[in-house]
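So that we are looking at the same thing, I have put the structure below in structure tokens.
Here the chain labels run A, B and C in written order, and each chain numbers its own residues starting at 1.
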């Protein structure tokens, strides 16, 4: 492999890392702060992508409006789902998995039966392509990277600097204590879940131009987002950032050498080994011994 | 209230040397050195958060000490795994608050705890002998649950669940029995029965109990160790300890 | 007399099992070949569901990629059969070393059990250390299923890619085209394996090992303070369950006459979870009944509705989603679980009454 080709692979790998980061954030937040594995996450991505298609591509509204709509709709849907369903199953792993899986079926089959099997294409909102020597990068991927980092920082800001964020962290540390302090943990739960789902919808809208929008879009993200969460751990969002980069760079380079399936298999093996060695994720917040 | 056996005569079973632990900068225990002799019934008392449970965590390898050693029958068992401490060194522990197998029957809980069949092949080809079944019944009678053997553990009352876990520790036939607040949440009547269960074992077994209930302590204890703020405050007979002004200041007054 | 009492105290679901097997035994005598063929496939799926129940229902390890073990067993037979009959897509003239076992019929049979066992062993060795959260096992197995599906599509040299493999032989061992049992005959082969698997499971869950597995499900850390090392037990049951899933896959392929990527992917992995969840986990009967009920209904409804809407399969999935939600909400222990809970509560009531009576008698004797 020539150096310039390797460079190209590394650059597109890095670009994809930010896409993966964005598509995983909502999942990590819900898992990390609520101990709920949200199997409906990737179907929320799919729904966000559809919202982007209808608002931006079909209705011709500005892209940013599509993003905000996707976030808002997913946020509300998340709040509803948490209040109606998830809140009954806290602490029960199998039940939450089954319930969120049921929701994911409803979303996916709903999309299929309502919107059909057709592929939909969403145009890039920015079309320029950058070129350095023989290395190419679509400008939209830069936008995605920016958005992705922005959302990460915003989330950290929300969690560490706002009152709600403090409540979320307190509730995560010690529920009964937090409750006895008069904090409404129910509200905190609903907000956290809704925010996680909202991010999933937003991420779906963001990746819409990068993918073909169809009802199977969620499925194609399932493996990567979940591996990412397992490897990055749930105690630190930087772990997610690191594992996103690790996964996508490996996938990109190994795909260049052989093919993308081999790359995924190798990455899965790496994830299994990493989890064995560092069960709390790549960056453990602090040793708790 | 003389001790039933001369503590100086029996060999030391458990000894801790300078045991300390630090949780993220919080010194939960500092420099605990104490020894328990074979056949002794030792009660540890102390206010909430004094580090009593943490002390037992260090003995049973639920937590690792940041300094110090645990010696059992003269052997250093610091850093051994929890399973090994239970199986090889025969230290049985009842946790604070009932910690049992909820959706299994009372008898199954006891059967699982009976020692000697912990490896996979042993358990796979295990067949309950008459002696084994007799032992299960015997323990169930000891903990007053003989009539409840087919109930799910989760359907028992809180006190009965405490007994069940005590029975599980008996079933392990341990050299050292550790009981963390065995009577918490029990009615006065249940507490008294528990005291009798434990007193029956006195002499034959070595027992380490953490307890809050002072009536219970009076009922069973000869020798008491007081913890406060992660430190060993004082040790002695119950009377001696009760006389100690420091102890009165930190603990006994509020408890009585 | 004590024996009779024992029979009467048998859990309700063992009678259901008995009735189920009698039903399955008589099924071919009053049903046509088509339904015998369908039921053979369902019985293979029942073995699959049993294997998941051991793992999830009894041990509390929720494998979300159990289809990988099912499918890898199935693919071994598929590839062996394609090789034995030199299917036209086969472009190699020697089996590679890692598939060498497939050249003999018995070897293929063993491979279909061993490969899933090895996959389970590998994953288990890494995942069952004490520190790894249970949910990570679910997520890793889920990812595995996703990747396995891509893998078999990608490895078209050996798997015929997207189109899958046609298997025309239908015997237990032979992979040659010429050997073929009738649907009726093969039905009883599958039934025998189902009965065998069921009896094995029944024996296992009643051994002390079975109780340890339930202990892992209920309170894994408590077990370690009783001197057990749960990792060894988890590894054992995962490998056993994997081999059983492989057996199911092997039988299914022979019934179905084909295998493709859908038998190894997320779709089937989650479908089997739904069967076991609906039937009720942790009692064996639920796995059997859930599979039978849902698969039978799907086939039946499909034949009714396929004339009306081409999208039947999609609507069916929607129904499954709703059903799953309903089950999780209303009867999280599943259909059979409800029945067992009912029996338990009645027995508890009788026992409580007996205990009360005893108290009264005692107080009456010495007031």
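Quick note on the criterion: a contact is a pair of C-beta atoms (placed from the backbone, for glycine too) under 8 Å apart; a residue touches a chain by one contact, two chains touch by 3 or more.
Quantities reported herein were computed from a predicted structural model and do not represent experimental measurements.
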Taking the mean of all protein CA atoms as the centre, name the chain whose own CA mean is closest to it. C
Interface ranked first by C-beta contact pairs: A-C
Per the C-alpha means, the centres of chain B and chain C lie apart by a whole-Å value of 42
Round to the nearest whole Å and give the separation of the Cα centres of chain A and chain B. 47
Between chain A and chain C, what distance separates the C-alpha centroids? Give it in angstrom. 32
Which of the residues in chain C come into contact with chain A in the complex? 56, 60, 62, 64, 123, 126-127, 129, 131-136, 138-140, 142-144, 146-147, 150-151, 153-154, 266, 270, 273, 277, 281, 311, 314-315, 317-318, 320-322, 324-325, 327-329, 332
Can you name the residues of chain C that touch chain B in the complex? 207-209, 211-212, 214-215, 217-219, 222-229, 232-233, 236, 344, 347-348, 351, 354-355, 358
What residues on chain A touch chain C, complex-wise? 37, 85, 88-89, 92-95, 97-99, 101-106, 108-110, 112-113, 219, 222-223, 226-227, 229-230, 259, 261-262, 264-265, 268, 271-273, 275-276, 279-280
Contact residues on chain B for chain C in the complex? 60, 62, 81-84, 86-88, 92-93, 95, 99-104, 108, 111-113, 115, 117-120, 122-126, 147-148, 150-152, 155, 168, 172
